[in-house]
């Protein structure tokens, strides 16, 4: 009886120990990126192309921008792909990453309820629209999580500081894009979202894009290879191949070819070498 | 007034266990009060007394399950120690049956007592036969009747050939036929040379089984001696009252 | 928002279609959680039996501590394990982060206190019942612990299932240490979280129902095995 139990136990432990961790050790890289990028579906579209061309599996860990930066800083990833230029530059300057390169941009859109209580539909300027929302004290759901989207939102408010009104008309969800959209729509609030997440979002209810196209709403992505001098176990060769692929013809066209509902979401803008 | 304790004279059978001034106190009450008693080897001694006299407690004290407040338990001339306790066995009022088969219960006890694996099966059979439980080897022990469980507990207690078997009101919850079966088994055990010490509150059982008797009242030893004498001519007032079916309150 | 009936149908459709992605996710969930449960039992059952069946100084404190650990927030466990397994952490060299092994480790840490605390409860009661008899028979400590564990086996099955239930339902720990990587560390709960964050609420709910059905199946299977023994009334 006991021998049977012991045997079963050891069999289990052994199977755990030899369980494949997913792929052969050196043929994958870990990319720290953001949930909004992941949820747009971009990776599902372009990564298979890269993998087929190089045989390198790309494992994406999609978390908030801050967490992605922190994870990469800890060396828990080979590549960092986020959309927070200032933070990215600081990352490189602090010695955690090799020089940053532009990859693509997408844009933000200001979502709101169809009845548009603040009357911002069609406004050309994001700052003006936000000012009207503040003046009307119309409900606004912010990510409030220091992400790339959140930082962009704070820039658009300009001199106004909506956090004074936090808890009243200005609601900070402290969550990702999807969760914030869910919350904002449920409370009939305005939400600043990246277009990609919005298009792919499955719970739009009767919310709509009300403001778009202002250059201030453009969202730049950058790719950084984690510095192997800091973290020797980084797979720098494969990581570099990925960064190169993203910023060169093949990757750039794959990005441009990705559409949702017929709309291109990401605009490749890597500087040619 | 305290009755003088009758010291049992050793006619035949030396003293196997002796208590000297054994006392157990808790919460300011002496539940066992200065009991000095000798138990003769090879005999059946019954410990009698009304409810709350401290009989079960005395049994646990001489088995070393509880430490006395003062006084000694002397086994074969030495203070009771672990090897001495290993030569004792006890059967409780409610038999403790493990959640296994009848045979499983016996096998566990055999293992504890150090019987090698290959010898266990044969001993299990012998024990089951002694208890009259041959057909029940694979039955879950907890499904047996009260009497069957007690018989199992008794033969289980005989594993390792203890010199003393203690029983704490083993038939208190049993019907007459089960009681008889248990009593027969107890007598068989004694016939093999084991000293038996049995707590009972049943006069009839004492009359049937006892060779020596000790009577406790309120934690004190009222008297002790051969059963033939005490059960017909008790000297102490508590025991007289008990035999007459009266309630003695002191 | 679809009606609940529609969502229920969607759940069954998912199962019926046998979508390979879903199967992969379900398989990984079961692999991670069953492994964690097995290891947690291997540690927690004996630990609980020792604490339940032994008198020692500070026993009360240990029990309080174990009971408190039952309330460990999964996300906190995930964070701690992440810090340990991170490339910058003490165990970074093992390279376990973002693998199923890390998820198993995190879930094991999460549910071992539950298994241990409940085992203490079960074996305590049994120890009280057996104590005098064992002391009379001179049962040694090791034999006592083993006997308590074996005799309590029927009551310990629900304990193991409680551990399983807690692990299969949690998302916080596996999300952080696993990274929810597609085809590698994506399990049922992280899939549900992902679909929710995409606004695909109906799909998320349908997946939730699938998860519930799996938990139901596991529980039913185990309890059927158990009841066969109960009919032999070993309880």
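Observations, loosely collected:
The first chain written gets the first letter, and so on, giving A, B and C; residue counts start at 1 in each chain.
Just so we're on the same page, a residue touches a chain if its C-beta (ideal position, glycine included) is under 8 Å from a C-beta of that chain, and two chains touch if they have at least 3 such contacts.
Remember, it's a predicted structure, so these values are computed and weren't measured experimentally.
Relative to the centroid of all protein Cα atoms, the closest per-chain Cα centroid is that of C.
Comparing the centres of all chains, each the average of its CA atoms, the largest separation from subunit A belongs to B.
Each chain gets a centre from the mean of its Cα atoms; for subunit B and subunit C, those two points are 48 Å apart. Put simply, the C-alpha centre of subunit A and that of subunit C have 32 angstrom between them. A separation of 79 Å divides the Cα centre of subunit A from that of subunit B. On the side of subunit C, the complex with subunit B involves touching residues 129-130, 132-133, 135-140, 143, 147, 150-152, 154, 232-235. Here subunit B touches subunit C in the complex through residues 60, 63, 65, 82, 85-86, 88-90, 92, 96, 98-100, 108-109, 111-113, 140, 142-143, going by the rule given at the top. Across the interface of their complex, subunit C is touched by residues 9, 12-13, 15-16, 19, 21-23, 30, 35, 39, 44, 59-63, 71, 73-76, 176-179, 181-182, 197, 200-204, 231, 233 of subunit A.
Interface residues of subunit C, counted against subunit A in their complex, comprise 31, 35, 38-39, 42, 86-89, 92, 95, 97-101, 104, 179-185, 194, 196-203.
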